[in-house]
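As written, the chain order gives the labels A, B, C, D and E, with residue 1 at the start of each chain.
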Amino acid sequence: MSAPFVDKLEGLEDVHPADKWLRTDMLPHIWCPGCGLGIVLNAYIKAAEKAQIPREKRVVVSGIGCSGRAAGYLNQDSYHTTHGRSIAFATGIKIARPDLNVAVISGDGDLFAIGGNHFIHAARRNMDIKVICVNNFNYGMTGGQGGPTTPIGAKTTTTPYGGFEHPFNLPWLAATCGAVYVARWTTLDSRRLRDSIAEALTKKGFAFVEVISPCPIGFGRPNKIGSGLDEMKMYMDKWDLKPPNWITQEGSNPREADITLGKPIVVGKFVDIDKPTFLDLYWKILPHKEETPLNDVEKKQVAGAKA
Amino acid sequence: MVLEKALPEQTHARYWRKPLDIDSQKIPRGKVHIIDVRCKECGFCIEFCPKDVLEKSDKYNRKGYNVVRVVKGREDMCVACKHCEDICPEFALWIEEVKG
Amino acid sequence: MATEEAAPPKPKKEEPRVGVYICHCGLNIAGSVDVVEVARVAEKFPGVVVSKDYRYMCSDPGQELLKKDIKENNLNRIVVASCTPRLHEPTFRAAIQEAGLNKYLFEMANIREHCSWVHLRDREGATAKAIDLVKMAVSRAVLLEEQVEQKVPVIRRTLVIGGGVAGIQSALDLADAGYQVYMVEKNPSIGGRMAQIDKTFPTMDCSICILAPKMSEAGRHPLIEIMTNSEVKSVTGYVGNFQVEILEKARMVKDTCTACGDCSKVCPVIAPNEFDMGLAARKAIYQPFAQAVPPTYIIDRNLCLNKGHVIACERCVEACLAKSIDFSLTDKTTRLDVGTIVVATGATTFDPTKLAEFGYRKFPNVITTLEFERLINAGGPTRGHLVRFTDFKEPERVAFVQCIGSRSENRGNPYCSNICCMETIKDSLLIKEHWPDVAIDVYYMDIRAFGKGFEDLYKRAKAEGIRFIRGIPAEVRETNGGDLKVIGENTLMQRVYDETYGMVILSIGLEPQEDSNVIQRLLVLNKTADGFFMESHPKLLPVDTPTKGVFLAGCAESPKDIKDSVTQACAAASRANILMARGEISVEALTPIIELDKCTGCGLCVKVCPFNALQFVGEGKGRKVQVIEAACAGCGTCGAECMFGAITNKHYTDAQILAQIDAALEVGAEKKVMAFCCNWCSYAGADFAGVSRMQYAPDVRIVRTMCSGRIAPKFIRRAFAKGAAVVLVSGCHLGDCHYINANHQTKKRVEKMWAELDRKGVRKERLQLDWFTAAEGQKFADRINEICGIATTVTAEEIQKAVAAYKEN
Amino acid sequence: MRGAVLTGAHFMNGDIAAAEGAIAAGCRFFAGYPITPATEVTERMAERLPEVNGRYIQMEDEIGSMAAILGASAAGMKSMTSTSGPGFSLMMENIGLGAMMEIPCVVLDVQRGGPSTGLPTLVAQQDMMQARWGSHGDYALVAYCPNSPQEMFNLAIQAFNTAEKYRIPALIMADESIGHMTEKVVIPEQGAIHLVGRKKPTVPPEQYVPFRPDEDLIPPMALAGEGYFVRMTGLTHDEYGRPAINLDAQTKLIPRLTEKIHKHASDIIEYEEMQMEDADVVVVAYGITSRCVRRSVELARKDGVRAGLFRLITAWPFPEKKVKELASRVKAFVVPEINLGQMVLEVERAVAGRVPVRSVTYHGGGLPSPELTYKTIIEVAK
Amino acid sequence: MRKEIRFTGFGGQGIILSGFIYGKAAAIFGGKNATMTQSYGPEARGGACSSDVVIEDGPVSFPEVTAPEIMVVMSRDAYNTHKKLIRKGVRVFYDQDLVQVEEGLGAEFIPIPSLKIAEGLGKKIVANIVMLGALAAGSDMVPKDAVKQAILSTVPPATKELNEKAFEAGYAQAKQVLEKIKA
């Protein structure tokens, strides 16, 4: 006996509230069942809405990997760039158009292995961009290889006996590099994640939000966590559960935010400070301060060339 | 309003009467909209719905996933907290708040 | 910091000159013990200069006799054989001090609680035992030394546990006296039961009207810090110097809350309102009641849809204009240093569901008195209208049933709950006041209207036409339309009744708080058989507890009405005030002295000390141990552990204890049970058996130590060497130790001894180990009888074998 | 403070002239990383851009520099970076991204000797094939070869115009010698400088199809922040910018990326002919080599050999048609370059065996000696 | 008519600037075409250093010096390095306090105590400008005024006076030396 096959057409008539921010022709997206990336995307959409950033001012840049696809699903200006270079690309956009709200949504491998240099320097410069790192502890798209965040002992296709490198503590890295806003949440903390991203989006300067996200295929399976749902449940705690899988430590020291298998994941907002951004200092130290970069003659010349 | 369903078990033992003013208590209501084609059966919404409104159905969508559905008899239990909407990675379901 | 009163005492070389005084205690002792004979025999004990019997040693003339003899006969040691030292040791110590003797040169023989009262019908045995007890006392007395007590400062801050009317009163009194008070309440608001009650008897004041001002006064008081939704997590230290950890559970609502209630309106979770006994609903975010202090809302984390850190629902957050709701708030642990603690944890009510015959929970119109209080309260769910739950109509006839859960050995609690009679009388009058046509019957066992103005109220009720029918109903049945049939026997008329009522109100009794054992354990308190906290002395120290610096107020001690609770709260505050006003207290001179030439630095004592009061000095071979006097609580387990005799426990020296053993077993050892009891629980339990006149065999001889941890294996060995039939080691229950966990060492040592006895071919049954609380008098008596039974089975060969095995001890 | 166009005659080196050319062309964003011998461009930009309200950033590496200029250009700023061999290698991946996303920008490579660190301070022309094929995949770009500081200035403007017009990264393949050479540079009046802007959409956002080309194969370009909600990806994509990983999309997109250059090759290609009217032997050269071997041509002429110089100004696209045409009337080609034979392959391909083509290879590290080429001319002329 | 000049010395002496100014003088103020190139070692200061200026009426094709007409030598190392170019017909301006020249190379040696003169003016760093003054006197490649203009349009405004003095001092010194040689 076979169950009835549905392809509910009336479902298509439904308009999800997020649909207007999405390129719905691309849905369902390519991400695996149980992957947390959709939640992050959803959180970004709601956060941008909450932060009241007009659509034409929103830019999302992403790199390569599963998370790299995030940009393309958004019905707004979005750039899906090369591996690791999203922050550098975003830097160009931000400097060219300081009025735009430039966010980078990318993965842990993209941002911190191949792209680590750009991350630390953008943080150091306090470049006014928002980096949302979807950390799933592995390279999902290429088939679950180990990366800079793979915990010691965790199995991946390139750490078949368990990871043996010290992983990055991303909040600490970001904080020490000079980020003005540093937070970490899990995909289960959708509300806090949304609020935190909204806070990051409105924060002036280099803001970093790490999102611990399930990867059922690349990480969950080899580490016997089970499905994405099982991984999500790991993020859950009960009030009386000890030790909790979750501790919120507002303003606590990100130095203690290491992720170790079998120990609670510390989440919360670690850093929220103010300091001048790259462009603040650029305009302060450098002589010229005008709105438009082209002078009148140049504008005329360029305008005349319009097709 | 069914008090038994509104009250969790543990308090039930001590205070067993139906509160006299229970009918005047207002509780928000939500209607669950499910976009079948997008559902990938991850189960997040089912697991984390605080009111246990959702369950896996035996229907397949185009990609062969058993799409989520509302549990029969719990249609009115949704309080429109929209947690499912937030944690659905697929933008496959959303909650319409029912007014009045 | 400890300060010393004077220079350390020089060991006295003078010959002991002991005065022995045998108290008659009226007939309490003299009724079962031949006190004259005891005094006569005692005269011959080595060192005894004077031996007398006297009617009441504790009386002024008795004390004067002591002082006079000390001076006239140049006495330097005093033994009084009378009641338990837990009662009058301080009295006699004070007396000899006045006569110029150091108070540590005093010893008591407990021939009342441990002898006359427990051997009421065995004069011969009691007298022989009394002689032994005096002999033991004298043999210890000659070895007593002068001691200097240290003084420690008392922290002038108080912790009040419980925010009911008793806690509030104690807190206000102490705060008004100028002390910082921390009031810890586990509920979201202070106020306790009194806040729920409609009117108070006998004056018929509005309960919340008189309580609310006190609540807000406490809330406003600059010296009172109220910690609601909080629990005491740990208590360490000692009188004057307690360290307390308080767990404040996050309310999830910050104190910027304006109590506007917008959050509650949108909250999707409905729950029964505890304050209204579930007769009204509340939301998961709520204010416990209108007069709550603090007035802020709170999120019920058990009910809120947001579990753990996951925020599933944030309707309240969105509704709150003051932005006061914060789900990232976490529980907070606060460490406080306080000098005194007032326990005002209150009581809970009996759940009548257990008594199925009354139909509570089966029949909606059967309600409890507490539900009734909410029902007729103008601020309650019916705005004060007395209606039934089946049809929301006023009942024409109402029955009250008394003693629900009280005064029954098997069906509830054996004790009288004290308040229920008057509550019923008050309630019935309230009904009459508003609905004069409602007929009211009260079914009772006895009406107890003993307090000031109570009888008048009772008379008024009768005058109002309220019928009082003796005889608790056998059954309540529901008939048509929710009416209730009450069937039983009128025991005065000896006639079966069968009446129909619109509503039956069960007058429920009070019970100890469900979690009272937590406080008991944390503060090392005792409980009576009823389960309420035990006071130090039922007459003379009614609000003190065996743990110095901890006082009782309100229903935590026993069921009582508001007036008594407040009275006791004032008393507790006053007792705490006395301690703190003085600013310092003497600590009994029980600390160990390390004899450095004997100390090998092995560290065994350091390991077993529960207070970390011993520390190493020096390195390597020259390593020695030294005592941190201020940290030491005097349990003596270090002395028991030291294998090299390097530790002398002041006032409980090895020599003193061994002398007591020798004295106890000098005659007829083969029949005797040598018992070691700790001061706090097992000795007190033995006292309790005595006070309760629980009879047991007279073959037991008790040596008192502060803690069972003091009992060294060598004492046990000596007892066997001296031919004891059985040895009993006893202490507080594991986990209840007054010295944190020193009795775990007791257990270990006894287990080792069992193994040793096994090796030496001595029957293991001859060494007994048991734990008693101060309230387990019956258990103590039973166990002594049982152990004396074992003693009778020990053969002469067995005794000889053990004596041989341990003769060198 | 100086303006954008420093009209007048200057004695300046090639690097600085290139920077001035870029600024005159409207470049207002520069991302770079210090490297010899291109550092002076970066330094000049750091000094000059703030004066004209431009934005300069020294990135953490050349990869970042390349990515940043793409971002800035995507947001509407004319953008440029400059580098030398090792940095040029690092830029390759994102030059490919620029080609794929069709983002205009200019990359100046001041060539030095390689491979690897090679000769940081000395001249070579070894990156010519990398300029064409350096990034993986099929694409076409435009590469200019200036041979004087004046031309550094001129071609910088030209490169910007080409980049903007065809939506490509345009390359300026200078060399150490030109970069560090100081000569007179005449900067015209601002009004005399011809600038080209990128083609912008003329339809409202809802009708805009970001990668649907016009007849010229070039799609109009909407910028970030203009409300057109641009979606760009380095993946093969359809006209809407949607990732489309299939044969069909590849077939539609990739040939166009090459075709849009080839189709306009005649508009793009620039070269210079000297003494070519009667030439029998054609010396094909570019950059500094073209200057050194002028002497070889002169020497050969003195010897009675009718030599001519054909100078490539655009190396890519290669003036294939012109060379083919020459091959039909001259006797031989001589191709001197400071590498072991890169552009000569193109010449050979165009000549297709009709006449001899002789490669003259210089290894780099010094200027090509005119004698070697002269000798070769004489040899092939025999 | 192609003319080649080579300036040599060590880094920090203003050798490159000398070439630049002389080239600028020719190209901007002298109505000719000029190409200046340079070469230096990896050191920022103190290394061997030279700059070449090629001046032509028409366009400069080959940009480097192969057979200089004039050489300016300001260090012993530089002298040794570039000695092979010093032959008959070459006029060599050198600082006699820094460089010892050998007779018999057939070249014309013009000793200019540039450092001493500069020191006398208060700033050692204008030694190169003293040399340029000498060069203006000792060569007709570029008119004196053009060189002077090139100097004044290049140096920081505050140092114009000092540089002009240095230039004139060098010019005067060279004139004197040349007259002595002629005589």
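Rule of thumb we're sticking to: a contact is a pair of C-beta atoms (placed from the backbone, for glycine too) under 8 Å apart; a residue touches a chain by one contact, two chains touch by 3 or more.
Keep in mind that this is a model prediction, so the values were computed, not measured.
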Exercise. For subunit B and subunit E, what is the smallest step count along a path of chains that touch one another?
Worked result: 3
Exercise. B-C or A-D: which has the larger count of contacting C-beta pairs?
Worked result: A-D
For this session: Please name the chain that ends up farthest from subunit E once chain centres are defined by their CA atoms averaged.
Result: C
Problem set entry | Most central chain, judged by mean C-alpha position against the global CA mean | A
Exercise. Between subunit A and subunit B, what is the separation of their C-alpha centroids in Å?
Worked result: 29
Problem set entry | Approximate Å spacing (C-alpha centroids) for the pair subunit A, subunit E | 61
Exercise. Can you give the whole-Å distance between the Cα centres of subunit C and subunit E?
Worked result: 107
Seminar exercise, completed: In whole angstrom, the CA-centroid distance of subunit B from subunit D equals 62
Seminar exercise, completed: Two or more other chains are touched by the subunit B residues 48, 83
Problem set entry | Chains grouped in pairs wherever the two touch, ordered by label | A-B, A-C, A-D, B-C, D-E
Problem set entry | Contact footprint of subunit B on subunit C as seen in their complex | 265-266, 268-274, 276-281, 283, 302-303, 305-307, 310-315, 351, 361, 364, 381-382, 389
For this session: Enumerate the contact residues on subunit A facing subunit B in the complex.
Result: 3-8, 11-12, 14, 16-19, 22, 27-29, 31-39, 41-43, 46, 187-188, 190-191, 194, 227-229, 232-233
For this session: Would you tell me which residues of subunit A are touching subunit C in their complex?
Result: 188-192, 236-239, 241, 244, 246-248, 250, 267-268
Seminar exercise, completed: Note: in the complex, subunit C contacts subunit A through residues 301, 307-312, 314, 327-328, 330
Problem set entry | Interface residues, subunit B side, partner subunit A - complex | 33-38, 40-44, 47-48, 58-63, 65-67, 83, 85-94
